[in-house]
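Written below as structure tokens is the structure these notes are about.
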Amino acid sequence: MFKRLTYGMVGGSKDSQIGIVHRKAINLQGKAELVCGSFSRNFKNTLATGKELKIDEKRLYRNYEEMAEEESKRSDKIDFVSIVTPNSSHYEVAKKFLESGINVMCEKPLTITLKEAEELKQLARKNNLLFAVAYTFTGYSMLRYARELIKRGEIGEVRFINGRYLSEWMAKVPFAGKNSRHEWRSDPKVSGVSNCVADIGVHVENLVSFLTGLKIKSLNARMDKFVEPDRLDDNASILINYDNGAEGIYWTSQIAMGHENTLDIGIYGTKGSIEWSQEHANYLKISKVNHPFITLSRGSQEVDDFIKNDYVTPGGHQEGYVEAFARVYDKFISAITKKKKGELLEQRDLDFPTVEDGVEGMRFIEKCVESTEKGASWVEF
Amino acid sequence: MFKRLTYGMVGGSKDSQIGIVHRKAINLQGKAELVCGSFSRNFKNTLATGKELKIDEKRLYRNYEEMAEEESKRSDKIDFVSIVTPNSSHYEVAKKFLESGINVMCEKPLTITLKEAEELKQLARKNNLLFAVAYTFTGYSMLRYARELIKRGEIGEVRFINGRYLSEWMAKVPFAGKNSRHEWRSDPKVSGVSNCVADIGVHVENLVSFLTGLKIKSLNARMDKFVEPDRLDDNASILINYDNGAEGIYWTSQIAMGHENTLDIGIYGTKGSIEWSQEHANYLKISKVNHPFITLSRGSQEVDDFIKNDYVTPGGHQEGYVEAFARVYDKFISAITKKKKGELLEQRDLDFPTVEDGVEGMRFIEKCVESTEKGASWVEF
Amino acid sequence: MFKRLTYGMVGGSKDSQIGIVHRKAINLQGKAELVCGSFSRNFKNTLATGKELKIDEKRLYRNYEEMAEEESKRSDKIDFVSIVTPNSSHYEVAKKFLESGINVMCEKPLTITLKEAEELKQLARKNNLLFAVAYTFTGYSMLRYARELIKRGEIGEVRFINGRYLSEWMAKVPFAGKNSRHEWRSDPKVSGVSNCVADIGVHVENLVSFLTGLKIKSLNARMDKFVEPDRLDDNASILINYDNGAEGIYWTSQIAMGHENTLDIGIYGTKGSIEWSQEHANYLKISKVNHPFITLSRGSQEVDDFIKNDYVTPGGHQEGYVEAFARVYDKFISAITKKKKGELLEQRDLDFPTVEDGVEGMRFIEKCVESTEKGASWVEF
Amino acid sequence: MFKRLTYGMVGGSKDSQIGIVHRKAINLQGKAELVCGSFSRNFKNTLATGKELKIDEKRLYRNYEEMAEEESKRSDKIDFVSIVTPNSSHYEVAKKFLESGINVMCEKPLTITLKEAEELKQLARKNNLLFAVAYTFTGYSMLRYARELIKRGEIGEVRFINGRYLSEWMAKVPFAGKNSRHEWRSDPKVSGVSNCVADIGVHVENLVSFLTGLKIKSLNARMDKFVEPDRLDDNASILINYDNGAEGIYWTSQIAMGHENTLDIGIYGTKGSIEWSQEHANYLKISKVNHPFITLSRGSQEVDDFIKNDYVTPGGHQEGYVEAFARVYDKFISAITKKKKGELLEQRDLDFPTVEDGVEGMRFIEKCVESTEKGASWVEF
């Protein structure tokens, strides 16, 4: 009988927000167990977190290097590591675990430079390891079905894409004061070349790729620093040309007061369109030539038939963010399990955001910065 | 005692859509009366339209030149002319009336070149005439109040503006075939240099100016011809820099399937934001630092106080209520007219709520009272 | 040639809300002209209102009796009277005009007792006069189309009906104090046996009848007096049995804080359902067995085909658009009027889109084209 | 160090929907582990389910009696049992485990008669065991905050309550054919005296009690059997009088085409109102005297401060059904843990739906049936 997989975590101490979300998302499906970690640069914090999570103290490590080395020696070494540290350390941590023969799930953005991202991609291939990136939204049932509808040609050829990811927290900084999250997000030393585009804009880039498979040919980006002119971007307007002749317009913001976390995607084709919004994540708006507008819900028969092997929450009830994330992890864990059994992985088994997606995200960020530096002019992708 | 004003119309024959809308809009307030016109290049059509509108045949003109000349000679000449012809003739028609000393209301876009527009501006000034352009949306109560709030500094300094005007009719052309409207809208000979931007995009430009007073400093536009590559634009993505350092992003489209007529404006300032959407025209979404999101409705006390001298429809009801009510009256008046002519009224002519409906209403009220008085128990109707 | 009809009004002096709405609704279509009135019990008020409305002083009457008698003697007597007085006088006024051979449009509720209402019905029949009741909502395009769909059997046999008409003004009385509207609405001497049910609940009763043709067989009502226990009802819950075996549940309220004017109707049949809400009056939600949910809009082809002889506002725009446009024209006409009187126009008088705005629009269009032609690059404005 | 709790499950074989949801909800927080079960009356099915769930074969039981007896003898006996069988067996299963000294989480409705429910309540008290009922919606953050706001007096005294729980699946039975779920839900032998009220209407009863603490004094219910006249109810309209003088109106349906799972609650007080809808579970609409309408979101500072010890999903992202359910289980598991440590449980530790709530639900169902049988007349509660 096959046992549950085991995993470790780097970053994500008990007071951090993102570590908890990763752990809950894995818990939800119950197919992998947290057995080790280096949750903080402060070892006391790691110990306290480990105690709370009921982890054997022997597998609480002083730093990620020790963790990778010690785990790689064990016969029951972890099946994967989950990396939830700030952006600037993703590269070194992921590299270390890949070198130690351990599969990786890494938070986005994958790294802070495209070059690092490419290296990780090569290393994962060379070492024949699975590498996933935490693009959570790809796990939503309705986006998975939207992808299917587009693939089937339901909206014809894609012509135009509108994507927005809006938040407001940077606009509040002058009033509320900075907090630790603010500190590192807009700090180039920790976040790299971008704050807003790297943190949320990159989700739009990834979702468009996920939904349509279109490749960016060139882009024209205007990144702004409205709140802190001497730090990183808090808003960006981006025009896109895709390689099939389609075009796109993205807007991402941390100063759009009134938007805690608005993520909207509209895909407009020659025969119809599909629109989705994170705030109504259980619905698609579908429009077709000569047909009244359709609201397709997760509880409808056709969606139910499509997602039934995957789903958690009964139709009609709301599927939330953690369930989407659990689905991403589930696909990753299923692939590891299959590989561990010695079975051949097919393309369809890699149904999670991979290191290749992470690399494209980094390319997107760097190209946005390059375009902005050239006075918001067009750059080839 | 001052009488109602009088006006004439150029274009807008009985089968055109836009002429009717202008006439109804003027009728609504009842302060001006249509007394002359040259409704079509085809004089028979003008005569037929004039007859339907009960206009004195002597003031139905063969063309706009004749109309301007004849009217300018009359002691009771019209107070203004309403110009609702296709774009390419706005200039010559408006010019003629201005030269004849008559005030002008002209459909948008004002002309087909900037040069022509500037000329009209100079001419109106020189001749001391009033000249209005039919930017209809500026009349919405909630946009007028939004302008006021921005003026008062409620959202601080404007930082960023998002505007979208989306429609879908051009995307349907390959399926539905062209119709007369399609023919001229995308034809450079009639519409000038632009279809989509000139027809609807320009409303975004105007509303932003109306709401904020900001001036555009530079722009970067990508206009597309997705459906008819050899005619005019059907989609455009536009980045804007305003002169105060604020920025904007506009998207206007005639190929955004799923959008019959979506017009959204978001104004994001240093202290808050205001958002409005044509599909929920009776509401503003207002967000401020450290305050939950507000939905401000036309029926609220503060808006009521602001617009009370202007308004038509009681608060709470949609601006739209008057049109529903007008339909009720229209059915009633049509029945009276038919009866007055001595024609037999059929059941379908009584397509308004009748006294029988009123009686049933009274029965309902009395039965509700009776039931309540019996301790909320059942009563036969 | 047939002229416009003429009408008179009883009640609706210049400071009353409802009289204005009736007049605008009639103006909109421009098929009838107000020529006489007895707008108030106070004759001075009638004179002032008449002057403002430019009515011949000879046809301003001291009371409704005089008006009915004098008008009935004229060869050009009014074609109908519009009665917009408080509920308790509807009966006597309507009766007088029916006896004088004049068609009637009366505000709802028709009377204050069922007996009176029945009498008016008989009298109208006897004298062969048309008699309409101001159930405004029946004029909405989408409700007219919903009625058609139900008639065609699109939702099968009606099983269940949910109707709500909610407002909040009575809940505010203890905080805001009473005003004149409050005074009479909840006063049995003026309003009869009911306030809330008679004022708004009766619209639900009427709309259900309008949409489905179903007759009420029995009902069970619980009317409440939450705010003023010694006056009339401010809330009611009503269970209905219809004669075809269908059932309904109505809720009407003046104490439902958060609802300025919520009117929702849902009709549930054996094969599907239709739902409409006054706050989204331009849409129907239609659901059918084994079909995703449909949002049918007023701009859709099928609705357009159905209502085209009736409509005012172009599809896609909200019914409400005409009111916005009327405001634009109103500002323009007011400026012309002021100028004509020889008064000096100030900046605030030019509160309509001017030729300067039109020029800026043209600049915008030309600059968009210029930018596009330069490969979507930046151009100065 | 305290270990994770252990639990067993009765019902919920691998092909059942509800068992999976319970297991995921428990998994999410990771504080209890499934170690035994009797998942089906068919032992092969139990074995297959147990294998899939990686449970030790020795703790897979032929029936619930065996499970209760064997587990009660073990030193490592389960901390609680989760009962997810059809309604008619809840009583006997729960009774057996209570008699065996094991805490219980039971699906709703608690039993099929009030008498049985009362017995379970007594038994749990007598044996000093914790007993929770799966009223999932009480776990939603925004409902928990709504309860807090009402408690604080933010909306004043509650006057009126509107609750709706609507679905459509019974309306589809004549078209889609019955399936196993349909079979048992409307079958009196398995479901007891009610289908619709017992399955979903009871959630409204529970949520109102949860939010306001109000007790029902009397009710008037009309339960319908539109689809299967010879089986159980598929629709109900219920008028409520509460003991403080407040009133309510509930509508619950399985024939409301267009509604997969609509759950709306509105609480209207003397000073304001709070409204929540399951389809927008992350928001409250709050209205107060003389204040524009507020949309309070889960990501706002005040909600964040209130729920931060409890939450899973970052604000702005959507919290779904499983997360709500996880919170209910989390409160239950926390109470068991505290009790196991020998600490005294206070009232606030019992922050989950208890057997008392289950009893009230049964009383509600029986009273609805009684009222219906008396011709939809009033019955004391």
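Going by the order they are written in, the chains are A, B, C and D; count residues from 1 in each one.
Throughout what follows, contacts are C-beta pairs under 8 Å (C-beta built on N, C-alpha and C of every residue); 3 or more make two chains touch, one makes a residue touch a chain.
According to UniProt, the chain labels map to these proteins: A, B, C, D = Oxidoreductase.
Everything numeric in this text was worked out from a predicted model, so none of it was measured.
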Handout entry: Set of chains whose contacts include both subunit D and subunit A
Key = B, C
Practice task
Call it same or different for subunit A and subunit B: same when shared residue numbers make up over half of all numbers used at their interface.
Solution key: same
Handout entry: Approximate Å spacing (C-alpha centroids) for the pair subunit B, subunit C
Key = 20
Handout entry: Euclidean distance of C-alpha centroids - subunit C vs subunit D, Å
Key = 44
Handout entry: Chain centre separation in whole Å, for subunit D relative to subunit B (CA means)
Key = 51
Problem - Multi-chain contact sites of subunit B, meaning residues that touch two or more partners - result: 220, 222, 239, 286, 290, 293, 297, 300, 376-378
Problem - Touching residues (chain side subunit D, partner subunit A) in the complex - result: 1, 3-4, 17-18, 20-21, 23-24, 27-30, 51, 54, 167, 260-261, 278-282, 297, 299-300, 312-323
Practice task
Can you check the complex and tell me which residues of subunit C touch subunit A?
Solution key: 286, 290, 292-297, 300-302, 375-378
Practice task
Could you pull out which subunit D residues touch subunit C in their complex?
Solution key: 155, 159-160, 162, 168, 171-172, 174-176, 220, 222, 224, 226, 235, 237, 239, 247, 249, 251, 253, 255-259, 266, 268-273, 275, 285-290, 293, 376
